[in-house]
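Next come the structures, one after another.
Common to both upcoming complexes is chain A, partnered first by chain B, then by chain C.
Our next item is the complex of A and B:
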């Protein structure tokens, strides 16, 4: 196992609403290892995006980070991102420097009134201190690397002149401009067509190999997870309910939620014309989080009197495998 | 196969993009350009394609929400364009649409009773206690408790709203339902519920579905036959098993190869075909095959000239000589 690059522990992030405080992230522990891909998978409202945004302190009012630590080990002297002052140079260096970030809606995350070149050059100059000419050359070089044809012309294009896939490539180029050691990708292919998605995933994979970057990839698509991940964290209602290596997770899912999720998704070649096993109910509103295990109202294996009352224990199976479920509490080889 | 229900022939839909000084259209977007399609009673026809291929426009034209530029749509042997007002109103009850986004397709200021009952009220078909009874019955049928009748859409999740959408479509007893990406906006854990519900309702009411989606796995699950659309045209049409096992159009092949399979053991297998991103300009479709510019099998002189017809369910001049990879290349 390689070195941990980023360690999140006990992270809690909440949002104030008229109906009370919503704890979007409710005690998350995650580790991203250098050069590896961690996929965070979950449905809407599970807190996967908020976790990602918390890393760079991008949570805006009415939201705020309430507790936890996010330790960055990419510097010779590790530091807790949450303890930095907002004007701290280390935070500025992290954002867009050591940590690049790409978002779901590429066209919406780029400034519409500035050329992609201008947006790239600005970031390059901030993080490398290059002069205008060198930064422009580097911008063209980066656009070429992410597979944008005719980069010397496209550098002067506005986002609306490019397709969704091209905009996402431009976003990736911006994220890469200071050779980050971590790339955070928040559903970067969800808004794209499958053929475009395949190319973007391919690109991320090859860039990762080339730059030895770690990638934290957030998605709801289990197919994408199988394609890309080394390690997987499954989130449900603000908590990590299962952690595993990618092969183990698909071969032997532990948490009832993971199991049911893997079965309920139609898979090419497997589910032609047949009724699909379902997970009953819907994801609860995080304002009205069920007592005990958040998944218990939808869980077929829930134990009355236990799952609906007590917080499930985090079971450690060793080798980085965990599951938050009482079903494994007294199994051999597992420690709570 | 059973009786024919709907027949679309040589359908064209063009949207004006730019006009000259005299108001004459100079640039047009060819959303649907020459679609022939037959729907049989009781079947589910899947319509797949990427964004911008014209699949939504085709669906909207079939339900009458969009006027065709040319071509005809025969429903039960009658051209929908030639119907009188009264007949049009009747045909609207026989063909219904289920929308993609359950968040924007329900009026937030209407209660479920008003939303679901609206088609009955508008046609004056039921009122009073009969109306109430029919709404309650429909709600039960799609898995919603009639106790929710006085609530507003905001208090429901995506999956429940999609049930409302389905109830609204089915309450007038349609024969054909055009479902435009009905599960795409839903959480993965509720998609299966809605797909199963659609299947149940089809069996119970003898419905015919035109199921529009970009998701090949979902379409494989629900469809009997599948039409693949590219750039305003159907490029391949076949039975689901046949299309997925042995595709005959290079676009179908590429589309299938791009779908990620949730099994890490298969990673890197299945000869993924990477397509160039660039799409042709929809305002001036290229001659010949619209896919030729991205196709790895394209030949200059053969694929880029003339008009390529849909023959034997495939619109490709080279389909006879190519051996394309299907699903088995991915999963074996």
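Our next item is the complex of A and C:
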């Protein structure tokens, strides 16, 4: 196992709404290891994006981070991101410097009124202090690296003149500009067509090898997980319900939710011509979180009198494997 | 760009033609004409006019015949000879009456416009960035009051206080001793000393309106994905505001030039009357009352022209500010 680069523990982030406080992230522990890929999976609304945004302190009002710690170990002196003042230099260096971030909607994440070059050069100059000419040369070089053809011309193109895939490549170029040690990718391919999606994934994988950076990849596509991940964290309603290496997860899912998720992925040959099993019910509204285990109303293995009353314990299987489920509570070595 | 400009100028001409027709018809709509108004005036002075006198006057003023013919005559004179016609009431060419006042009107309007923006812009930005702060609530509340108070009321309040405090009514744009002198520093200072009153009176509603526009535009932009993305890549907050959401919020703002200008001119009609400014507003009011149709028609045409030109300027500015408008359709195809 390589060194931990980022350690999130007990993170709680909530939003004030008219109906009360939504606990979007409710006690999340995650570790990203240097040079590795952590995939965070879960259904829509389970708090993946809010977790990612909390890392760089990007949660805006009416939301705020209530508790937890996010320790960055990429510096000789590790520090807790949540303890930093918003004007702290270390936070400024983290944002776009040590941590690059790309988003779900590449076109909307770029300002339509400025060329991609202007936005790229701006970021390069902020983090490297290069002069205009050097920054422009680096910008063209970066656009070339992320596979944008004719970068000398595209550098002066406006975002609306490029396709979604090209915009995402430009976003990746921006994220890479200061040789980050972590790339956070929040569903970067969801808005793209399948071919473009595959190309962007290939690009991220090759860049990861080249830059030796860690990737935190957020997705709800298990196919992508199988392709990219070293480790996987499965989220459900603001909590990490299972954590495992990618092979273990696919070979031997522990949490009933993970099992269900894997079952709803089609397998060629097996699933032809029959209905795919879906997970019954929908993700509950985080405002009205079920008592006990929040998955129990949809869980086939729920134990009446236990799952609907008590919070499930976090079971540690060793080697970084955990599951939040009472089914494994009597395991040897399990810590409740 | 040139083709775009040419097309716009063509639209402008068509708009002005349509406006001129409507203006002329509306002015001629009320029963009677200038001669009727004249007759009424004479009869209040105890002098009657015979039917022959009336007929002669009508022929002299060109008021016989149908109104389309009158329109045709008026419009062709303007286009072909730049001749705006003659004012019945002043018995002078319209150009001689309007000319000197046009400068004052444009001057007051532009000065008001610039001051309006200079005040409203920072307040609007502050209100949006510090949404729901005490400052925001204050600005919003004062803004509502400013929007809801009619200009003439503010002018009357001004007059009331200046009479009760200084014993005189602020009027005109210059003091008697400076009015006829050549331009120098003293005259400029005197002008500024007078200008601020109409500026406040006409500009109050404008400031309130612009604050609202800026605030709402910016609030729309502040939470867009591109703002989060820029923050995530380390753009410092101040730079972020200026280079990202503010730039986008500026666009609809620029397009307000087109309609803020006529609003100012309308403000001038009432306020100019009350503060007796040497602008077009008071003259227009008088001309409409006495059915001095060529004078009224010409003034409205000039104001319309200014408005249309204002709209053109704001469109050009918009094209310059927003590459989507500039490039789309021309070579906006994806590369």
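We adopt the following convention: the second predicted complex is superposed on the first by the 329 of 336 C-alpha atoms of A that agree within 3 Å, B and C clash if a C-alpha of one lies under 4 Å from a C-alpha of the other, contacts with A are read in each partner's own complex, and residues count from 1 in each chain.
Please note the rule applied: a residue touches a chain if its C-beta (ideal position, glycine included) is under 8 Å from a C-beta of that chain, and two chains touch if they have at least 3 such contacts.
Values in this document were obtained by computation on a predicted structure and should not be read as measured data.
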{"item": "Partner chain(s) touched by A:111 [first = chain B, second = chain C, both, neither]", "value": "second"}
{"item": "Between chain B and chain C, more extensive residue contact with chain A", "value": "B"}
{"item": "Touched partner set for A:163, first chain B, second chain C, both or neither", "value": "both"}
{"item": "Contacts of A:304 with chain B and chain C, given as first, second, both or neither", "value": "neither"}
{"item": "Touching both chain C and chain B, counted on chain A across the two superposed complexes", "value": "163"}
{"item": "Contact footprint of chain A on chain B as seen in their complex", "value": "50-51, 157-160, 187-193, 195-196, 199, 214, 216-218, 220-222, 224, 240-241, 244, 254-267, 272, 274-275, 277-279, 327-328, 330-331"}
{"item": "For the chain A and chain C complex, residues of the former touching the latter", "value": "53, 56, 58, 60, 92-97, 100-101, 103, 105, 108-114, 119, 122-123, 126-127, 153-154, 157-158, 160-163, 171, 174-175, 177"}
{"item": "Touching residues on chain A, where the partner in the complex is chain B", "value": "43-44, 149, 163, 165-166, 193-199, 201-202, 220-227, 229, 246-247, 250-251, 260-262, 264-269, 271-280, 282-283, 298"}
{"item": "Residue numbers on chain C that touch chain A, as the complex places them", "value": "223-226, 228-236, 243-244, 247-248, 321-324, 327-328, 332-335"}
